[in-house]
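Look at the two complexes coming up: chain A is in both, with chain B in one and chain C in the other.
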Partner chain A sequence: MVSQVRGMRKRRAGVRSAPAYRGDKRWAYLLLLPSFAGLVLFYLWPAVKTLYLSFTNVGPFGGSTWTGLSNYTALVHDDKFVRSMVNTVLYAGVVVVVGIPLAIAIAALLNTSGLRGKTFYRTLYFLPVVTMPAAVGMVWQWLYNGDYGLINYLLSVVGIGGPRWLTTAPLALFAIAVVGIWMGLGNNIIILLAGLQGIPKELYEAADVDGASRFTQFRKITVPMLSPSIFFVTVLSVINTLQVFDLLFLMMSKTNPALPETETIVYLFYERAFVDNQRGAAAAVSFVLFVLMLIITAVQFRLQRKWVHYA
Partner chain B sequence: MPDSTAVAEAPAVTRPGAAPAARRTRKPGHLPVHLILLIGALLMVLPFVWELVTSLKTYHEAISVPPTLWPHEFAWSNYSKVLGQIPFGSMFLNSVLLTLGRTAGQLVTCSLAGYVFARLRFPGRGILFAAYLSVLMIPGQLLLIPQYDIMQGLHWLNSIQAVVVPGMFSAFGTFLLRQFFLSMPDEIEEAARLDGAGPVRVFWNVMLPLARPGLVALGLITMLWSWNDLLWPLIVNTDTDKMPLSAGLATLQGQYSTDFGVLMAGALMASAPMIIAFVFLQRHFIKGIALSAGKG
Partner chain C sequence: MRRVRVRALGALALAGALVAGLAGCGGGSDNGEVTLTYGIWAKDAGTQNLMKSLGAEFTKTHPNVHVKVQSTPFAQYFTKLQTAAGGGSAPDVFWMNGPNFKLYASNGMLQPLSSDTMNPGNYPSTLVKLYTYNGKRYGVPKDFDTIGLWYNKKMFDAAGVKYPDAKWTWSDMQAAAKKLTNKAKGQYGIAAAENDQQNFYNTILQAGGNVISADGKKSGYDDPKSVQGIKLWTDLIKNGYSPTYSEMSDTQPVQMFQSGKVAMFYDGSWDATTFNQAGLKDTIDVAPLPAGPAGKAVVLHGLSNAVYAKGQHTKQAEEFVKFLGSKKAADMTAKEGSVLPAYNGTQQQWVKSMPQWNLQVFIDQLAVTRPYPVSKNTAAWTKYQDEILGQAWDQKISAQQACTQLAQKMNEALAKEK
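Here is the complex of A and B:
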């Protein structure tokens, strides 16, 4: 995918001689106007405004006073915030580290040549992707229910007393991560499948001739050839999981004793901005998340040189 | 699509000795593959099945231990309770309007902007496009406070336009469609230009019909994200009458925190429209996702 986009750009760069027609300029600005006006009003301006707000103290009636870096320095000593950072990174880590290898494995199995029922499997794996996250949260809260939930019942059948998944401190975060993996799997599989289908069959045929086992083929052909797609899926998953909110909001009630060890950055942001009305402090929280996302993404782009092969 | 070839290739189910040797070597042991994929598929579907089964159980049956695998008597009343407890009708309508409004809006604004960036040359194009690209990187929650203030300033809180209008613009959609317009051969455009067509005619008569796959992809993805969006509606529309279903579910949960039959009925009703749309438009959905690859 990424490589495709690159290829597209390269091709264009050579041909970019499209003549400029007279009178186009005015039309260009006119046709761009609706989109650009919306972009400025609802995206660019709010982004700048949030940055400004993060350096201020916003009063209950909207007036704001400049307080310099104090919102940010306060975050350093804010246990709740530090905890939410840890929770978020942990959540994203679990979902990505478990979810992506799982998606690769399933995509590779689905790509078996001559396999029947591909469409059938693809549909089922994709179902959670189109399901409303709020509904997903409700259903899994029910599945995880300590007394009447299906999961603990199935565990009791084999003689295990299941825990209270969503109210026990370190466990709840992982329980929610399982839901995150379940929900994102189909999306990742689709992108990886597209990448897999781009790998030339001849490579496998040649390896067959050389007598390489299927596992060796997977390691030496599939993974390197798929690495651009894997990289792409990883970058997207990290960005998405760092912003998790919906699942938490539906699965963790405000009175849940495990909430402090589960609360993510966006959840904390929502609370501060729209429940506690601490706009300036909340703006700082959201900006820190933005910077965190930029850093993690930049690091990934840097590391890709070590393991991503662009054909 | 590989699926059709897969079906064509695979011989009718094995009669062990009878299949020609060449055929047999072609699919060496698909059974373990199917086994793993089936177990996985089961895990994907089980929550939905349990959701459906529970939604038809009475309160007492839902919390009976051990759980019944099938409802003794169908408690259809769970569904009417959802309708009675939250203004489901107006929430459904809000969801539909929100989804249609955002989707239509994005198709218009993004296709125009995508076309302009791909096909027209004008001073400032590079810098304006850089502005779009920078917006691509901004996470949504960074914008929420000022966006809320704008809605408040316009007196739009608790209105349908509050959940529709900000979602009618998208840097991502612009970028996606720009890629489509870029990939179109120059010759077609030049031919139309020689016939005296201006940029608007070229856009409408030449480019837009050719960009249909891109428009379908963007349309479906926007539909999906809009229908499922929770955070923004939760913030701007706090009146239950003005909420879409996603936020309505949170309300339902607040009121029926332990009546799991009712909760599951609500969850099912809220997510069903997108699931049904997916089942019918599966190919397009999947193509859309593969093209654009999410942004959740």
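Here is the complex of A and C:
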């Protein structure tokens, strides 16, 4: 920006402007180079390499032989892969569909004028974001413990025999989704809160004059004005939740009978790559996930034209 | 324009210099000083400190060689090691276990050890054999472990059941498990954990079956005797004498044993120090494993110290491994008490370190030990063990069905080994 302004000024003053302008641009590229190099080295190159490996059979200590599409065709007939796809999409669906409206509601409440202890609440909701996933996983594992867990203890106080949250088949996925929602809430709230604070007060004042109720104001002003933030948060949440691994790895033991109905794509990737020593097959799994995310994100960008308002 | 290009080149050169400088930090073996890295997984500070003092002891006789211990949690150890070994950057010396040994040896990752480095007569022969591949030895046995029947004396007293002894058979264990189960109190007779080395590898052998054929080419799970060894455990769960598979997944069986929720627990010698530190000194004791239809049998496993074949200092590494396999190192290990040293005749100190328990059973059982089942790519079929046997433990399929499925999958996996 600054360089552009400067370039324009020079042009107006009639100085030989074009070379100087180009020179500034070069400097910009040069300064971008270190981070671009990092991007190429740590993101782009591994991605290319993964794509290559997905067409090969990788030996236990490296070295690969070209096998064409066989890793991909094997996936089509792999029940475990299909199930992990379903599990992943289900998990992401639950976390996004429940998590984002919840984040909007909490952000709106935190934005209420005259709310006491705002900072305290904000810290409280943001705390899970800065807590290590390993610690989160361990604590929740104990909360969910069927025999000694706090949740089942509290349920027993009111006379309910709680289930085995983490070892009962369809339940475990939802139990972990709850932790996922809880962990992601803080980040989403911060972004939405910033969006809320950007909505001009005049709009609400005008609505008050027109006699619109609080709920109508929320529906007709807050949500449309917040839609760019909601869209942003949704895109990020979908990408993040499709990659869920750490919570599963930490909370589900290898001998957990609910594991087949909980295993996600990245978990399957881990298993293929580091337990079964089939790096090529693992690369194929991760590439399918990449394509899936690409498609879902593209669809989201397509659909946003219908509901996102850029004021 | 020109100036800019020159400056850009300058910046690039600077960046290059920085990278070169960083790379330069990696090497650094001037004046004959050598630092060996020693890769281990150790759950406790005691073992980690022991490894460091073993390194320091070695430096006393080899002043130019220093040892740096690198500890990685077991869950990540082999993942990390495999990547590092393939990339040429594994530790010079590292711990190796039975299931992974042949994978590393057959891929040329381990340095064959000369007869000067290792005298096989010093260690249990089952263990020496475990680390031999194509007639060459690749690992100096470090320690060994056998399995014993740990039991809670207080719970036995309360139920009026006689303590287990060397004469016990499966039916004695089953009868005791029944009597010791008290559903009202939330107590179980035994924990039928789905654990290979601790539980079903032993009972399969005790029933007269086998996990893998002697040549390591065929699964033994389709042998009806092997099925018996599996059924023993799944029946204990079915009859309610053990916590269910779900319960044991929620809370680790070893924790249940320590908190007095289960009266009997098949566990290795390696947990003796844990139990000792948990204040169970007067509460528990240990007996030999009960005999099955085919008599007594215990699977033997132990770790070894191996030399990375592509390391920079294999000569010094081999000397260090020789020291680690010496009587002196074994004595230091026995004194620390976490594991049983593999060097013959050095185990007494370990037995004496916790005199309240009958730890001698772990050494006496050496007489009935059988090799730990391995093949070239052990992980390729043990994953089916977990998956398929888990369903039998969960009472979804019978022991017979599980074994038939498992034998088929395991044979397929074994056929792929070359």
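Here is the rule we use: the second predicted complex is superposed on the first by the 269 of 311 C-alpha atoms of A that agree within 3 Å, B and C clash if a C-alpha of one lies under 4 Å from a C-alpha of the other, contacts with A are read in each partner's own complex, and residues count from 1 in each chain.
Everything that follows uses one rule, which is that a residue touches a chain if its C-beta (ideal position, glycine included) is under 8 Å from a C-beta of that chain, and two chains touch if they have at least 3 such contacts.
Computed from a prediction, not measured in an experiment: that's the story for all the values here.
Chemist: Answer with first, second, both or neither: which of chain B and chain C does A:Y148 touch in the superposed model?
Modeler: Both chain B and chain C are touched by A:Y148.
Chemist: In the superposed arrangement, does A:L250 touch chain B (first), chain C (second), both or neither?
Modeler: In the superposed model, A:L250 contacts chain B only, not chain C.
Chemist: Counting only touches as set out at the top, which of chain B and chain C does A:F274 meet: first, second, both, neither?
Modeler: After superposing on A, A:F274 lies in contact with both chain B and chain C.
Chemist: Once the structures are superposed on A, label A:P60 by its partner contacts, choosing first (chain B), second (chain C), both or neither.
Modeler: Only chain C; A:P60 stays clear of chain B.
Chemist: Between chain B (first) and chain C (second), which, if any, makes contact with A:N187: first, second, both or neither?
Modeler: first
Chemist: Contacts for A:A28 in the overlay, against chain B (first) and chain C (second): which applies, first, second, both or neither?
Modeler: Only chain B; A:A28 stays clear of chain C.
Chemist: Thinking of the overlay built on chain A, is A:W307 touched by chain B (first), by chain C (second), by both, or by neither?
Modeler: neither
Chemist: Under the stated touch criterion, name the partner, chain B or chain C, that contacts more residues in chain A.
Modeler: B
Chemist: Both chain B and chain C touch chain A; at which residues?
Modeler: Touching chain B and chain C on chain A: residues 19, 23, 27, 34, 62, 145, 147-148, 253, 274.
Chemist: Flag every residue of chain B that touches chain A in the complex, lowest number first.
Modeler: Per the touch definition, chain B meets chain A at residues 2-3, 6-7, 9-10, 26-27, 30, 33-34, 36-37, 40-41, 43-45, 47-48, 50-51, 54, 62-67, 108-110, 112-113, 115-117, 119-123, 125, 128, 131-132, 135, 137-150, 165-166, 168-169, 171, 174, 179, 182-183, 186, 189-190, 193, 198-200, 203, 224, 227-228, 230-231, 234-235, 245-247, 249-250, 253, 257, 260, 263-264, 266-268, 270-271, 274-275, 277-279, 282, 285-286, 289-290, 293-296.
Chemist: Would you tell me which residues of chain A are touching chain B in their complex?
Modeler: Going through chain A, the ones touching chain B are 1, 5, 8, 12, 15, 18-21, 23-25, 27-29, 31-32, 34-36, 38-39, 41-47, 49-50, 53, 62, 106, 109-110, 112-119, 121-136, 138-140, 142-143, 145, 147-148, 150, 153, 182, 185-187, 190-191, 193-194, 197, 232-233, 236, 239-240, 242-243, 245-246, 249-250, 253, 266, 269-270, 273-274, 279, 282-283, 286-287, 289-290, 293-294.
Chemist: Mind pulling up the chain A residues that touch chain C in the complex?
Modeler: It comes out as residues 19, 22-23, 26-27, 30, 33-34, 59-62, 145-148, 164, 166-168, 253-257, 274-277.
Chemist: Going by the contact rule set out above, which residues of chain C touch chain A in the complex?
Modeler: 1, 4, 7-8, 11, 15, 79, 82, 85-87, 103, 107, 109, 186, 194, 245-251, 377, 379-380, 383, 386, 390-391, 393-394, 396
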